[in-house]
Amino acid sequence: MIKLAVVTGMILLVGLMTGCGVEQGDTKAGEKGQVEAVSSDKTEAITPHKGVNQEPVPLVVERVGEKEVNVEMTAQITDIEIAENHFYKAWTFNGQAPGPVVIVKEGDLINFTLKNTDPSIPHSMDFHAVHTAPSKNFADIMPDEQGTFRYTASKPGVFMYHCGTKPVLSHIANGMHGTIIVKPENGYPNDGGIDREFVILQNEWYKYNDLEDFASGEPSHVAFSTKSLDDNGRNTNGDTFTLKKEPLIANVGDRIRMYVNNVGPNEMSSFHVVGTIFDDVYIDGNPFNHMQGLQTVLLPASGGAIVEFTVKEAGDYPIVTHQFNHAEKGAVAILRVDGPDDK
Amino acid sequence: MIKLAVVTGMILLVGLMTGCGVEQGDTKAGEKGQVEAVSSDKTEAITPHKGVNQEPVPLVVERVGEKEVNVEMTAQITDIEIAENHFYKAWTFNGQAPGPVVIVKEGDLINFTLKNTDPSIPHSMDFHAVHTAPSKNFADIMPDEQGTFRYTASKPGVFMYHCGTKPVLSHIANGMHGTIIVKPENGYPNDGGIDREFVILQNEWYKYNDLEDFASGEPSHVAFSTKSLDDNGRNTNGDTFTLKKEPLIANVGDRIRMYVNNVGPNEMSSFHVVGTIFDDVYIDGNPFNHMQGLQTVLLPASGGAIVEFTVKEAGDYPIVTHQFNHAEKGAVAILRVDGPDDK
Amino acid sequence: MIKLAVVTGMILLVGLMTGCGVEQGDTKAGEKGQVEAVSSDKTEAITPHKGVNQEPVPLVVERVGEKEVNVEMTAQITDIEIAENHFYKAWTFNGQAPGPVVIVKEGDLINFTLKNTDPSIPHSMDFHAVHTAPSKNFADIMPDEQGTFRYTASKPGVFMYHCGTKPVLSHIANGMHGTIIVKPENGYPNDGGIDREFVILQNEWYKYNDLEDFASGEPSHVAFSTKSLDDNGRNTNGDTFTLKKEPLIANVGDRIRMYVNNVGPNEMSSFHVVGTIFDDVYIDGNPFNHMQGLQTVLLPASGGAIVEFTVKEAGDYPIVTHQFNHAEKGAVAILRVDGPDDK
């Protein structure tokens, strides 16, 4: 009963904003974007999104002072290949799902601009990294509008961001999530000894834009993605195949740090790297929350962590959630370690 | 197969105790209580509970010595409005679900009396805050009887209490849960700087008194409630609407402490307050278990925590479990912060 | 869609390896083993496993040096009574599910031999306690073959082990999991004061060998087992009844340590002992990860912990996961404390 009410509420919202109801129909991925159409893939986009596949707009991060940074992000509708030949007309930040990683420093004042290029519904930005009144600074931005908000990133860590427009579950589950890293002013204890850093996000996918399935169903896919920490790295989407086919690469002897974030919307992550033990773990990425020798770090929905470990032998190390139902549904990536064994 | 066996077992239990089986029928909420009857709401109470809606009996907590306290609670059957116009004939402590918060001090000897006014089935009390033999001191109290037990609250923290009568899952899921806070002898590090304190509980609701749904289903509603820390505060039930319509209130600049407890019966809570980061967190409310800068605290089923944070801007701050399927099902409360921004 | 693909993949794997597909049929438990046949129990073993019920082969652990130990384990197919009169033709290590506990010391070089006596499919061993390249040292061993691997247990703790052969979910869910304890070089803080130690594992059971149910279903049973820390103790399987009918035994006044491990495959555990609070908890069994005064410890899938507490009154103390849907499905054991109360 409540579920029906909720679904109806959403239809009404869309109807009010667009003057039309929700229709079912095929959406061919790639009609105007970077991905190929796949006739067997059918999604049920809301009418104003049908045929829309917006080219990803780059994230803009621009430092304007010792303690101040401008960040500009774009809400857009873009097809994402979540499993091989299975496309999802995602609601995204910057045409990625999860969105690009945002990196600032502890104490930074963030001047954040959200451009909403979605033709039909409002979007917003809820950064877990900031202290601010949500009703004021996580406010909705209407279609084809933009808004700027100012707040400070006062705590270090690995934080989730997501669209906070109602129904929030739909906006997150349809793809509007990502990670903001706030670098601690005094660094992490092992900063000097780290050879290689990765960002790994976990998210779930459900039936297309189906709020009832989001609320009560099982995920159809659970996905990992990696995001670039600089301008030259890889940004992959939350899918079930890319990080298996094109592994993350390290060398024997590397001390590796992973910034991990479980962007949900619903499930925990039992994050584990096969063949290793995490020497050091910082829960939510705060240097104070130090644990050692963990086989698995448990991330709540929205939770983050830093995990550090060393690889001493060449070979493939699967990265998984040890909730193996979710690994089976896609949440496996490969860390490939090259070179002669480190004896 | 096992599920059928379990359900049958419960029917037998009830049958043995009351001389009659389980019937299905409409129970109008509010037939003699504080809530209005809603004809569209149908619950399937066991026969001896049909039409029963007992007026809430107040919790009694009476200090009788430096290190000794008498606590008296009442098991009773009372209609609870878990969603707007949706009533649940709850099995309760003191006519609330979750029950009222009990507050004692570390080291207190508790003389606990349970009065069972349920006309048909036994109930009991399992305090997570005490060391005692459950077979002796968490024993069943028969209908219309009472029993007194003595045990010591030897550890500080935020602990769950619940009925421990078999099938335990039915007694918890039907509403017999709550929180006991044991104040640490030497206090918490920030006691002096706290401006405002709240108790927030999370619980799930399922199909009415349906052990199979309790054991294998999805919650129909996930609810927050608040409980009063003194004689003058608010006690709300675990519902989906009250703390949205009538928010918790604070002022700009307040340092806020929340005593949080996830009373289940089944799910984790990824407890989060939008627009803030928890400065300090004490897992299960023990001062030793200190974490800092958490975006979200993960509570196991029955787990507690203290979270502390400061609000610097006026506005509404949603309190959620970031498992957004559960937020969608009701687990959202509002913290309203009044006053000019604190610059 | 993805689920179908996965199931098909598994059928193909089995077909390729055995020359025959998967058939459905009755398997009578105990046809040649230690358990009694129960005609009402029907499992759907793959064809080469039908009628197979291999006698458990003992674990071999042999110290060969100050810092070196030989460990030999056997992959085998053995009927396990997971609920009363409900048998499961488990894929096992050493005819137990979970397998026997393996105990080594921090810093030990492990020479590990896996003998695969399964007539039809490969198996492997993934110890969470070691640093090594999985692609090399967690490799598949073919039927009727054996392989030896060398790696070091460099961190102390309570670690999961499991078969890592694809599909991993099937191998874990069918029973190939267990615990390896790595004793810390400098011990735990309370080693001198512990009177009694137990190993407690939690695992879930699903529909027989049904990868779709493993991936998207609810567990049919959730089970506890205990494993012997020396040559004379008890090894029980993951079932719903043994540790209720034949409790763990302690005496009044005992300080008790439990090595706890949640071997999954999918769920968290909210591990709790009724009537006690854990004085000390070490997450994943690492002495660094110390918590105090916990009512419940949350274990991720694969996660471990050491919990310590004292029992001061005679009586029965239920051990549960406080996710009570899972307790209802079997995850309850009894700790029976004998003797006059300790005043």
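In this document, chain identifiers A, B and C correspond to the written order of the chains, with residue numbering beginning at 1 in each.
FYI, a contact is a pair of C-beta atoms (placed from the backbone, for glycine too) under 8 Å apart; a residue touches a chain by one contact, two chains touch by 3 or more.
Quick caveat: nothing in here was measured; it's all calculated off a predicted structure.
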Relative orientation of copies chain A and chain B, as a Cα rotation angle in degrees, nearest 5: 120
Interface numbering overlap (same over half, different under half) for chain B and chain C: different
Euclidean distance of C-alpha centroids - chain B vs chain C, Å: 34
Interface hub residues of chain B, defined as touching at least two other chains: 268, 298
Residues on chain C engaged by chain B in the complex (per definition of touch): 83, 86, 218, 220-221, 240, 268, 270, 272, 274-277, 291-298, 310-318, 321-330, 337
In the complex, chain A residues that touch chain B: 1-2, 6, 126, 128-138, 154-157, 159-160, 164, 167-169, 172-173, 211, 214-216, 264-268, 283-284, 286, 288-289, 298-304
